[in-house]
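Structure, as structure tokens:
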Amino acid sequence: VQDADADALGQQMHALARELFPICRSLTGDGVRETLSVLGKHLPLERHEVPSGTSAFDWIVPREWNVREAFIEDEPGHRIVDFKKHNLHLMGYSTPIDAWLSLAELQEHLYSLEDQPDAIPYVTSYYKERWGFCVTHRQRTTLKDGRYHVRIDSELRDGHLSYADFTVPGETPREVLVTTYVCHPSMANNELSGPVVATFLAKWVMAQTRRFTYRFVFVPETIGSIVYLNRNLAHLKHRMEVGFNLSCIGDERGYSYVASRYENTLADRIARHVLRSTHPEFVRYSFLERGSDERQYSAPGVDLPLVTLCRTKFGQYPEYHTSLDDLTLVTAEGLAGGYEFARRCLEVAEQNHTYRVKCLCEPQLGRRGLYSTVSTRDSWRETKSMTAMIAYADGSNDLLSIAERLGVPSWDLDPIARRLVDADLFAVVDSPMPASVLRV
Amino acid sequence: VQDADADALGQQMHALARELFPICRSLTGDGVRETLSVLGKHLPLERHEVPSGTSAFDWIVPREWNVREAFIEDEPGHRIVDFKKHNLHLMGYSTPIDAWLSLAELQEHLYSLEDQPDAIPYVTSYYKERWGFCVTHRQRTTLKDGRYHVRIDSELRDGHLSYADFTVPGETPREVLVTTYVCHPSMANNELSGPVVATFLAKWVMAQTRRFTYRFVFVPETIGSIVYLNRNLAHLKHRMEVGFNLSCIGDERGYSYVASRYENTLADRIARHVLRSTHPEFVRYSFLERGSDERQYSAPGVDLPLVTLCRTKFGQYPEYHTSLDDLTLVTAEGLAGGYEFARRCLEVAEQNHTYRVKCLCEPQLGRRGLYSTVSTRDSWRETKSMTAMIAYADGSNDLLSIAERLGVPSWDLDPIARRLVDADLFAVVDSPMPASVLRV
Amino acid sequence: VQDADADALGQQMHALARELFPICRSLTGDGVRETLSVLGKHLPLERHEVPSGTSAFDWIVPREWNVREAFIEDEPGHRIVDFKKHNLHLMGYSTPIDAWLSLAELQEHLYSLEDQPDAIPYVTSYYKERWGFCVTHRQRTTLKDGRYHVRIDSELRDGHLSYADFTVPGETPREVLVTTYVCHPSMANNELSGPVVATFLAKWVMAQTRRFTYRFVFVPETIGSIVYLNRNLAHLKHRMEVGFNLSCIGDERGYSYVASRYENTLADRIARHVLRSTHPEFVRYSFLERGSDERQYSAPGVDLPLVTLCRTKFGQYPEYHTSLDDLTLVTAEGLAGGYEFARRCLEVAEQNHTYRVKCLCEPQLGRRGLYSTVSTRDSWRETKSMTAMIAYADGSNDLLSIAERLGVPSWDLDPIARRLVDADLFAVVDSPMPASVLRV
């Protein structure tokens, strides 16, 4: 990717984020559908609607929630808090109300952050019925005694949980999965960065020659992934080579990933390799520090080879879960960096063949023109990489292992491996089973 | 254990130690029997007598040794060394003599420590016939030329080796073994601390609901354990889950343990976990630094999962194997600490189940009331421990592994595991084989 | 080996090196045959001649090269460069020529080292036909414009590749292989040190009682080993216990070895153990830094347990591949050190039995006289080693493992192991398969 291309791509992603930002997303409801419709202009999404009450492992799909309006007015009729202005003002899954309350009564339903007085916090109550408003602490301290008109015109009724997915067929039915979520209201890093990066990643995949079949999944967090796994686990256990969950991947700070349970899946190896090669100062979070949908994919018995890719991880930046997590925190440059991190991961997966040298003892490179005739520093490095690859191409090391052993990016070795295949010196001896099966 | 309880227990243990201290123990003889009789007032001991000449693996039970009196008198008839005053004065297994000797002749049979002039050394000659007296170096240097009357009225004849054991039945026939020895004359850390702590540990075990059957063994060191293993090896190989040898466990200095041959048995894991959690400054001795009955339990082909628990290990304190190893070195507080170390080890063994979460993906804790409704620092820590336990409850980790992974004591996790079992979220999936069988 | 013996041996090796030094060796040709004839005065070599054009795995035996004379003369007829003075002056495998050239034309065929102005470089062109002269840079800069008479009376024609081997039968057909090469012209460390040390090693082996059969191989590098493996691979895969390639083993600087592909063969373990015990400051080169015939023996599918033993490794000393690598760099002392390193490796292989103690629990050493009766520092160390060996003699550790565990040289443990075998306490339980088979 050229820098100019990266700039342009970043701008396009940021534009999509701006388009999606105002929509009121939640676990369920029309905001999710609208979000999927916007994404559907870019991708051939397949939409799914799962009825409330449907069981999925230990969980049940909740009722659907929609909001027409929600506000607080003071006695003179000034609308001092309005859902229309910022959808974080309303606690997610708030039940309806239309009443006049004293300030004391109202306070019981207000949420603010004393140590971040200008932030509206993000609060939900998915599985216990109640209502509430979220305000800046600065505003809350200005509220005077008196009566307040509180109105929430919301609806909590049997409906559906909405999600979308689609697959991009490749040369083999083995799958790479990319999942992200569409349940967060107006916040940017957590979580518009995930669906936005996933969208442009899918566009890139569609433009490539690819060995794997790619599956892109847009779901509400937790319940959405649980429903998705409930419906697709057997298939994924047979097909999935590797997977990545995208979350908090659009700010300009660090790079990180959240490991799987034992940090030993192909997804872990790829994420570590890419970050070691491109951002060696990255942060590696253990599964004890998990918090996104890796929780489901790496649960006991599910055991799919997936990790979560992040720039600054959820819970690790001060704007997290507040109105300060906005489109100044998430930038075109930040999104472009997150995109490149994820794209490299897919690229490494594609290139990660296992090779076996076809002759005993060293092959004679000279007569095949595989030794550079002009000796430069670069050609010397390439020859060194080539002979090292031949040395370890014994059918037990994939390209990633060899790259880690040599301390070079696997994408530097891939062209050399291809030359050796073309010269009939390397055979591809990939396992006939995807990583998800091998791990069980 | 409350501190007051610990104090009381320490006092009781020290009282028992004081009662046992004057008895002249050795590999065999009436002192061993008398010691077992005193312990038999506390525990339902089963007594065993093994005839001299009995083979046990590479060894033969030696003749029984008893002493009626032993002294040295100077020419004027002053009894300058008397076995009645301190039984360390007589070399263990000394043959009888009644003779007048010159000082030069006497010197050949005297043992003292030049660098510890006030200590009577502990010397034995179990397998070669000879006689000797042990004295302080200070006294030895005062001896004047002249003739000395030496009398040892001892008997070395075919008799028996005495030992005792008993089992406390538990819910399962799988066994935890505690072994210690009763062959050391008047010394306190090495070795009255072992039998005293073992006695009170047995009392505690008898008062508990327990999954394991417990076996307590009181034998003379080396030959006693070899005889014991010769008689019980097949049984222990089928039943023994874990075992602890107690020695030098009553002083107030550090904590330590002597590992098994490869440091990988359940006993090693438990001892390390308890010490890391309670006394992180503990000393870990490899099997190369062994010296007590772990030598037999961890010998090739025996391979039972046992380690030795110590406060300050044999050979590591200056009073070792001298009259200075007395009941001022071993204190009520020292014994209470040793007891608590050993008790924790048994507790961890009892709690060390392997669990498997019963649903796929994360269980919904909220609807089961397993999330604290009031959020405090403690409840947050408990929730974190609970979700971590669920994450790793995949049937491949026992409670110890999870505790080590989380860096918390396993006894903090046990109540959480029980709540998850009660909530029908955890199944117990323990191996049907005890650790001794699995290891083979 | 006594120091005086080492001195004498060093002198004998240096004398042999001096005898071999002037001969013009190459991949093929009469210089190789003459070298093998000189070595044949010391060893019962079996000579082999392999026709040009013979296939060996990915390679073909090249044509044979011989030189009658080669020189450059200036216009007045002064012979300014003469192959007779130093055979490095002629590029290896130079084609014939007899012509007058301008200085500019001549320059195209001259090789020198600007940063080592007094060194004649070592240059070859085995697989591409050309001609050239190698000169010191100092001489090159003195060349004046004018015409030069260049004459190379060489012959490149179908002939043979020459090599030699022989075996020294031992108690078992399992083999230890020592290989080195005879294709380098007048250089000393790389490579007369290898064949010289191998020759004296073979003499030592022939004088020993030996459990293994020894195979000594003298070949041209790369193509020679490839031919050798092509002819002997099946046999070696069945018989080879361990092997060592000798190269650059005669200077006085450090000690090092080049590891096999995964650094886990018996050869790796032996080389590391010997160097840790004798030269703890040694350098361990990974297979990524290989460059000698370990490249072939450790290639995928060949997988024989061999490492390369070096003093200062090829490419790691400034004189490498120049006329400065001469018999002042390689000394009697340097050769003696290299010999001793290699001899220790063979000795450790011979001693490396796996033992199993024959009784359960500790054996009683006292009644067998295996405890020293006089207690000295040395006897205490020996007793400690003996009990440690008994503890780990469980049939899963070879002598090397135990020595590494105890941190002592295995040759200190060997006599103790023999005493325990003699006392009927140890059984030898070696694997019935050689290391090369086990590794597959």
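Note that the chains are named A, B and C in the order they appear, and that numbering of residues resets to 1 at the start of each chain.
By our rule, a residue touches a chain if its C-beta (ideal position, glycine included) is under 8 Å from a C-beta of that chain, and two chains touch if they have at least 3 such contacts.
These numbers were taken from a predicted model, which means no experiment stands behind them.
Colleague: Does the chain-touch network form a line, ring, star, complete graph or other?
Modeller: Its topology is that of a complete graph.
Colleague: Under the over-half criterion for shared residue numbers, do copies chain A and chain C use the same patch or different patches to meet?
Modeller: Because under half of the interface numbers appear in both copies, chain C and chain A meet with different residues.
Colleague: Let me have the rounded angstrom distance from the C-alpha centre of chain A over to the C-alpha centre of chain C, please.
Modeller: 55
Colleague: Counting only residues that touch at least two other chains, what does the list for chain A look like?
Modeller: Not one residue in chain A touches at least two other chains.
Colleague: Help me check something: in the complex, which residues belonging to chain C touch chain A?
Modeller: 56-59, 127-128, 222, 225-226, 229-230, 233, 261, 287-288, 290, 295-296, 298-303
Colleague: Along chain C, where are the residues that touch chain B in the complex?
Modeller: 356-357, 359-364, 366-367, 388, 391-395, 405-406
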